[in-house]
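Paired with chain B in one complex and with chain C in the other, chain A is shared by the two complexes that follow.
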Partner chain A sequence: MDGNLEISLDKLPIKRLESIEENGVERYPSDSSYDEKRVSLIRRIDFAWALEDDEERERKKRQKKSSKDASATWQWQSMVENLQLAHQELSVIIDLINTVDANDAVTVAGMTRPKPLLNEVLSDLAVSAATKLQCYRQLGKYFKQSAKALEEQIAREARFYGALIRLQQNWKVKRQRLASAASSSEGFIIDLFDNSLYDSAAMCRPSSLSTIRVDHDSAGMLAINLPPNSCRSLHFGFLGVHSADIPKELGKIRTRGSVEQCTREREKESVSDDEYIKETHTLLREVHQSIFDDQVFEMLNREAFNQSIGVNVTGIRENYLQLSIGQGNTLFISLVPSSKGDDQDAANTQDSESAIVPLDSFDNVKLEEGKHGTSKRKWGFPNRTSCEIYLQQIVHEHAFVKAKDKPNLSGTRVSGQSGKDGPGLLGHFCLSLAHRIFSNRVLVELENVVCRVPYLHLMTHPTWHSQTSSWTIFLKVPQSILHAESQSLKSDFQNMKDAVKSQFRTKVVVNDDRINVEGDGAPNVVSLFKRSSENISSVNKYECDLADLPVIILLQAASQVICWLHEEALMVGIKTNRDFLCLTFELEQGDTVSLVAHVNPEDIKGGITWWLVMEDGSTDDWKLQMDMYDGASEYRKFLGHLTLDVLYSTLMDLVSLCGGGRNH
Partner chain B sequence: MDSPTQNTSLQRLQNVEKRIIRVLELAGGVMDELANPTGPRKEFINNHCREFMKMIKDIQVTLRDEIKSACEYRPFEKCDYSSRISNEICCKKLEYVLSQLDAMKQTIDEYQATI
Partner chain C sequence: MNKGTGAGTGPTAAAAAAAAQKQKTMMQRVETDIANIVDNFTQLVNVARVNDPPVRNSQESFMMEMRAARMVQAADSLLKLVSELKQTAIFSGFASLNDHVEQRTTEFNQQAERTDRMLARIGEEAAASLKELESHYYSSAQRTHDTA
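Then we have the complex of A and B:
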C-alpha cells in the first residue's frame, strides 16, 4: 500500500459526560462490550482506498471494454455490475445469517435510515395530520357524549334528591354505605322510630316498619315499596253495637294510602312530581301512625294484665282485646290492617261481635218518645270514634310527652302505671267510659222529666272531669208574675225582689255511677215536725239511683212550687201552712183549703198534677191529704196540670177567699 | 355571580353541575373545531377556551364557598315525631267534629225542607 499514511487519534478511554439533564442528572455513555469495541474498531478502518482502487480498475476496464465494443455490451454492463453488487450484499447477508445461526453474538452496528424521498415526507406528514384530526374528532365526540350523559344523570339525580330533600324536611333520613353492588340505591333509609320517648324502657323495641328503604323506580325517581297490609290501625268498638258511621269514615280515610294505589299512580305519567311526593308523604304518615297504634295496643295489653282498678279482661285473641266495664257493657280494642276498604273492616266486626244492632250513636240526640221503651238499654253509647281518639290521646300524653312539656290537664291527669293503687291508663279509660254511658242514661231520664213540665229548664254543666257530670234544673217563675207583683206593691219593691225567690235550683251530680241530688226550696224537716212556719228554705241533699231519679226530681220541683206559693202568700199577708207537697189555707170556722201536688213520673203530659182539697175543721191530724180517702169530711177537686201563672192566680183567689180583711 | 337568583346552596350546587356539563360541551366543541378539515378558526377556539377557563374558575369559586360555608351536620337533635302524632290525633278530632257538624247541618236542612 502506497500513498500517504493517515493517522487518526483516539480519545482517551475515560468516561466522558454525554449530557446533563435539567434536573442535574448526568448521563454517561453506556459501556460498550468487547464485541462492540471490536466492531467499532473494524468500522473505523477505512477501506475506501480498496474500494476506490477497485472502482478505478473497474472503470479502466470498462473504458477499455467500452472503447472496444461500446455498442455491443453497453446495456447489459450496468446490469452485470448491479448483479455483482447484489451478489456481494447477498453474501454478506448469508454470512450474517450463518453467524446468527451459529449463535455468535452479533450486534447491529447501526442502520442508517434510507433517506426518504420527497413525496414520502409529505405523505407521512399528511397521514400523521389526518390521524391527529381523527383523534380530535373522536375526543370531541366523546366529550359531547359524556356531556349529554352527565346531563341526563344530573336530571335524574336532581329529581331523586329533590324529592328526598323534601321528605327530609319532615322525616329522618339516614344513610348506610352499602358495599354491595347489587343494590342500586345509595343506601338511604327513612327512620320512623321515635327515640325521645318518655317511657323508653317500655317502648324500646322498634317495629319492623320503623326503617323504610328508599328505592329507585324505573325512571330513577324515589320510590318506597311496602308490602301490602303492613299498616295496621287501632279499632275500638262496643260489643253488640254496630255503629252506622263506620263506612263513611273508612271510605274517607283509608282510600288515600294503600300501596297498590301508589304503584298504580306512578305508572300514569300524568302525576306530577309534587303530587307524587305528597302521596309518598301520606304513605309515610300512615306508617308512622301505624307504628304508634301498634305501640298503643301493646301498652294496653300490658296494662290489662297489671290488675288495675276498672279493668276486666273478658276475651283475648290475636290483635284483639275485650274488656268489660260493668253494667253489662263490653268493649273491644283491636288492630286491623288498614289497607282494605269497608268490606274487610265490616267483616272483622261481624266476626267479633255477637249481635249487631243498627244504632244511631250520636250523643245528646233529643229522643222521640216512641223509641223510648224497647231499646232503652242500648242508647247512650258514646261514639266509637271519639273513644278511639280519646284512647290514643291519653296513651300519647302519658307515654310520649315528657314530664315538663305536659300541658296542665287538671281533670284528666292520669296516674300512669301505678298498678296497685289507683287506676292505670286503661282503668281510667274504662271508668270514664262507664261513667259516660251511665250519665247518658241519667240525661235521658232528666230530659224526659224536664220536657214534660213547662216551667222546668235543664242546663248541663261541663265539668272537665271525665268521671263527673253535672246538671242543674231550674224552676223559673215566669216574668209576667214577677212584673205583676212589682207593679202592685211599688213601695216595697226592693224588699220584695230580694225576698221572693224567682228561681229554684236542683242540682244533679253524677260521680262515676252515684247520683247526688241537691235542691233548695224544700222545707226544713225539723220545722215540719214543729209545725212552725219559719221561712227557712234549706238545701236537701241525697243520693238516689237511676230508677228513682224522675220521682225525686218531680218531688223536688213540686216542693219548690209549694215553697214559692207559700212565700207569695206570705207576701200578701196570709199565713199558710206548708207541708212537703201541700199548702194549707185556713178559712173561717176551721175549714181548710189545701193545694196539693201529686207527682207521677209515668205521666206523659206532665209530671205534676194539682188537687184542691177542702176540709172542714173536724180533722185534727195533719197528714198528707192524698192518703185520705175519707170522702165525708173532705172535698177534693182535681185541677190537672197547671202552669205557674194559673197557680198564681189560683193562689190569689184562695187568698181573697181566705180573708178580705186581712190584706193590707 | 348570579347571586340574586340563586339563594339556596342547593341551587348553587345544581348550577355548578350545569356548568360542568357546559365545560364538557365546550371541550367537545373545541376538539371538533380542531378536527375541522379546513383548519381551526382562531377566534372560535379563543372564545371557547376563554369561556372554558372562566367556567372552571366559577366552579372552583362556588365549590370553595360552599365547602367553607357547609355547616356541621348534627343529626336529629330534636325529633318532632311525638308532636306529629299529637297533630295526627288533633286531625282526627277535627274530622270527627266536622262529621258531627255536617250531620247537624243535614238535620237542619231536612227540618227546613219539611216545613
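Then we have the complex of A and C:
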C-alpha cells in the first residue's frame, strides 16, 4: 500500500475499573467475547486510503486526459488500470477471506449485486443453453444405448423363448427356482424321466441325466451342456468274437461328435436357429436313448440275480454282465460311455471293423470248414446290432408298453422274476440267441449235405418265432423221368392217380437246441419184420444231435430213393423187396440182385453211393454176409455216385433183367 | 391369459381366481410403468427451458439424468413383464400342449403301425424271395453242373 503507515495502539488488556456503586460493588467492563473482539478489529480496518487512492486516480486520470488528449494513448492503458483496480479489490477480498478462514466472524452489512452487462447476460445465457444442450445430447446417447441394449435383450429373449417353445413341442420343460438367494430369476429344465411306467415292484432309480438344465450361451440362445461321457450306450457282443471295449455304433458316436462340434461352431453364429434346434433335439434324443439303455441294463441286472431258465451268469462287474448261453458261447452286455471326439471315432472305426467278425456269411464256411475246424464254431453268430435292437425291443415291449397298457400288472410278468412262470426277458433273450447260433450251425450242416447231393433241394421256412427254425429237404424226381412216365401212362388215367410221388420231403425243425427230423418214404419197423413190401406212408420222427444230422439226412434221402425206386418197379409190375437201404430184385432160379445205398457224410463228392449186389439163390444169408465182408467179392459192384436218371435207368435195366414188366 | 371365468368350487375355480389376480397385477404393473415413462418424459421436456441462474441448470441436469434412468428402468420392467408373459404362455398353455401331445402320440402310433406293417411286408417279401431264390438255385444248371 502506498502512503504513510499509521499505527494505532490498543489499550492494554487490563481490567480497569469502570464504576463503583454506592454499595461498594465495583463494576468492570464486561469481557468481550472472541467474536466481538474480532469484529472490532475488522471494523478498525480503514479503507479510507483505498477510497482516497481511487479519487486520486480518477483525478489524475482526468488530468492526464486533459493534458494528453493531443498525445496518443497506449491502447492497453485502460486495461492495465482496470486490472490494477481489480487487483486491489482482490487483495481486499483475499484478506477478508483469510480472516474468515481464521474463523473470524464477518458480518456482511449489505451487498448489492452489480448489475450485469448485456453481453454478460447473453454470454451467461449462451453458456447455460449450451450446457443444457449438452445435457440433452448426453441423454440422447444414453437413450440410444439403452434402446440398443433393450433391443438386443428382446432379440435374445425372443430367440430363447422361441427355441424353448419349439423344444416344448417334444420334451417336457419345467421351471425351476434357482437356489441362490441373490438371483430371483427362474431356470428351466428338461425332464426326460418317464415316471408312468414304473410300478412298485419294478422301481428303478431315475438316471442322473433325467433332468437337464437349460442355460443361456453367450449369444442368448438356449444351450444344453452335458458333462463329458455322461451318456452311456448299451454294448453287446459275443465273448471271443467281439471286443468288450469297442464303443457303440459309430453312427451314434458321429452324431454326438457332430453335435459337439456344431455346438462349438455355434459360437461363431454361423448355424441358423433351426439347425441348432434340430441339433438340440438330436442331443436330447441321444440322452433319452442313453437313459433307456441305462434302464434296460438295470432291468437285465435285476433279472440276472433271479434264477430263471436260460440265464447263466458267468461274470459280473460294474456296468458289465457276462452270460453263458450254452454250447460254449458266451455273451456280454455292458454300458459304455460315448466317445470323446471325431479323431477317436476314426481310430475306433478301423479297430471295430477289423475286430468284428463278419456276419452270416456261409460261403466262406464251406471253404474254411475243411481247413479250420475251430473257425467253424466262430461263424454263425448273429449280427451284433440286430441283437442289441432285439434286446431293446423286447425290453421295451414287454416292460414298457405292457406296463403302460396294464397299469395293474404284477411285477412277475414285467420282470419275469419267478422261474416257475418260465424264462424272463433275459432268459428269453439268451434262449433266442442260443437258438439262433445253433440253427445257423444246423443250416451249415444241411447246406453242406444238400450241396453234395444233386437231387436234394433245401427250402427254408421262416417261422417268425425266436426259438424255432424249420427247413425242408426235397428229393425231387427229375422232370425227364416224370414225362416218360406220363407218356407211358397217358391212356390210363387211374394209373396216373396212382403215379409215383414226384418228390419226397424231409422236414427239419429246430426248437431251441433240439433237432427234430421228420421224413416220409421210410419203412416202419413192423413192415421190416414182416418183410413185406407194403406201401408205407409212415413218417419218421426222431431227434438227433448236430453231429449226427448229416448222417440222418443222408439216410433219409437214401431211403426215399429206395422207396421211389420200389414204387417205380411196382408200377412196371415187377415185384421187389425193399429193405431200409436196399432194393432186391428176384431173378430166375432164385437169384437176387440188389441195389444197395451207402451213406458217408465225410464223402465230399456226394454223400450217397450205390452198390449192386448179386446173390445166388442157394447161398445162405449168413454166408452172404460173410462174403460181404470180404475184400473183393465178385458179387458186388460199386456203382458210385448216381443221379436219379442213372438210377432209373439202372432200375429199368434190372427190370428187364428180371424178365420185364407189362410195359416192356 | 384368460383362463375362463368358471365359477364354483374346486381347483379350477381357484386357478381361475389366481389367474385373474395375476392378470390384474400385471395390468397394474403395465400401467405403472407406462405412466412412469410418460411422466418422466414430460418432465424432461418441461425442463428444456434455460434458466438464468446457472445453479438451477445444474440442478435440472441432475434431475434429467435421474428421470432418464427412471424411464430406462421402467422400460426394463416392461421387458421383464413380457418375459413373464412368455413363460406363462409356455407353461400354462395346457390346451394347446395337450392337443399337440395327442397329435404327436397319434402320429407316432401310426408310424409305429406303419413300421410294423412294413417290417411284416419286408419279412414276407424276404421269405418269398428266399423261396424263389432257393428253388432257382437248386434247379439251376450251375448247381447241377457243380455237383455232377
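Here is the rule we go by: the second predicted complex is superposed on the first by the 400 of 664 C-alpha atoms of A that agree within 3 Å, B and C clash if a C-alpha of one lies under 4 Å from a C-alpha of the other, contacts with A are read in each partner's own complex, and residues count from 1 in each chain.
One rule holds in what follows: contacts are C-beta pairs under 8 Å (C-beta built on N, C-alpha and C of every residue); 3 or more make two chains touch, one makes a residue touch a chain.
These numbers were taken from a predicted model, which means no experiment stands behind them.
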Touched partner set for A:R175, first chain B, second chain C, both or neither: second
Which of chain B and chain C A:V127 touches, first, second, both or neither: second
Partner chain(s) touched by A:K144 [first = chain B, second = chain C, both, neither]: first
Touched partner set for A:Q393, first chain B, second chain C, both or neither: first
Touching partner for A:I165 - first (chain B), second (chain C), both, neither: both
First (chain B), second (chain C), both or neither touched by A:S649: neither
Which superposed partner A:N440 touches (first chain B, second chain C, both, neither): neither
Touched partner set for A:N301, first chain B, second chain C, both or neither: neither
Touching partner for A:N229 - first (chain B), second (chain C), both, neither: neither
Residues of chain A at both interfaces, chain B in one complex, chain C in the other: 136, 139, 142-143, 146, 150, 154, 165, 170
Touching residues (chain side chain A, partner chain C) in the complex: 124-125, 127-129, 131-132, 135-136, 138-139, 142-143, 146, 150, 153-154, 157, 161, 164-165, 168-170, 173, 175, 186, 450-454, 456-460, 462, 464, 606, 643
Chain B-touching residues of chain A, taken from the complex the two chains share: 133-134, 136-137, 139-144, 146-147, 150-151, 154, 158, 165, 170, 172, 174, 192, 194-197, 245, 248-249, 252-253, 285, 288-289, 292, 362, 383, 385-386, 388-389, 392-393, 396, 400-401
Residues of chain B touching chain A in the complex: 10, 14, 17-18, 20-22, 24-25, 27-32, 34-35, 37, 75-76, 79, 81-82, 84-86, 88-89, 92-93, 95-96, 99-100, 103
Residue ranges of chain C in contact with chain A within the complex: 44, 48, 50-52, 54, 57-58, 60-61, 64-65, 68, 71-72, 75-76, 79, 82-83, 86-87, 90-91, 97, 100, 104, 123, 126-127, 130-131, 134-135, 138-139, 143-144, 146-148
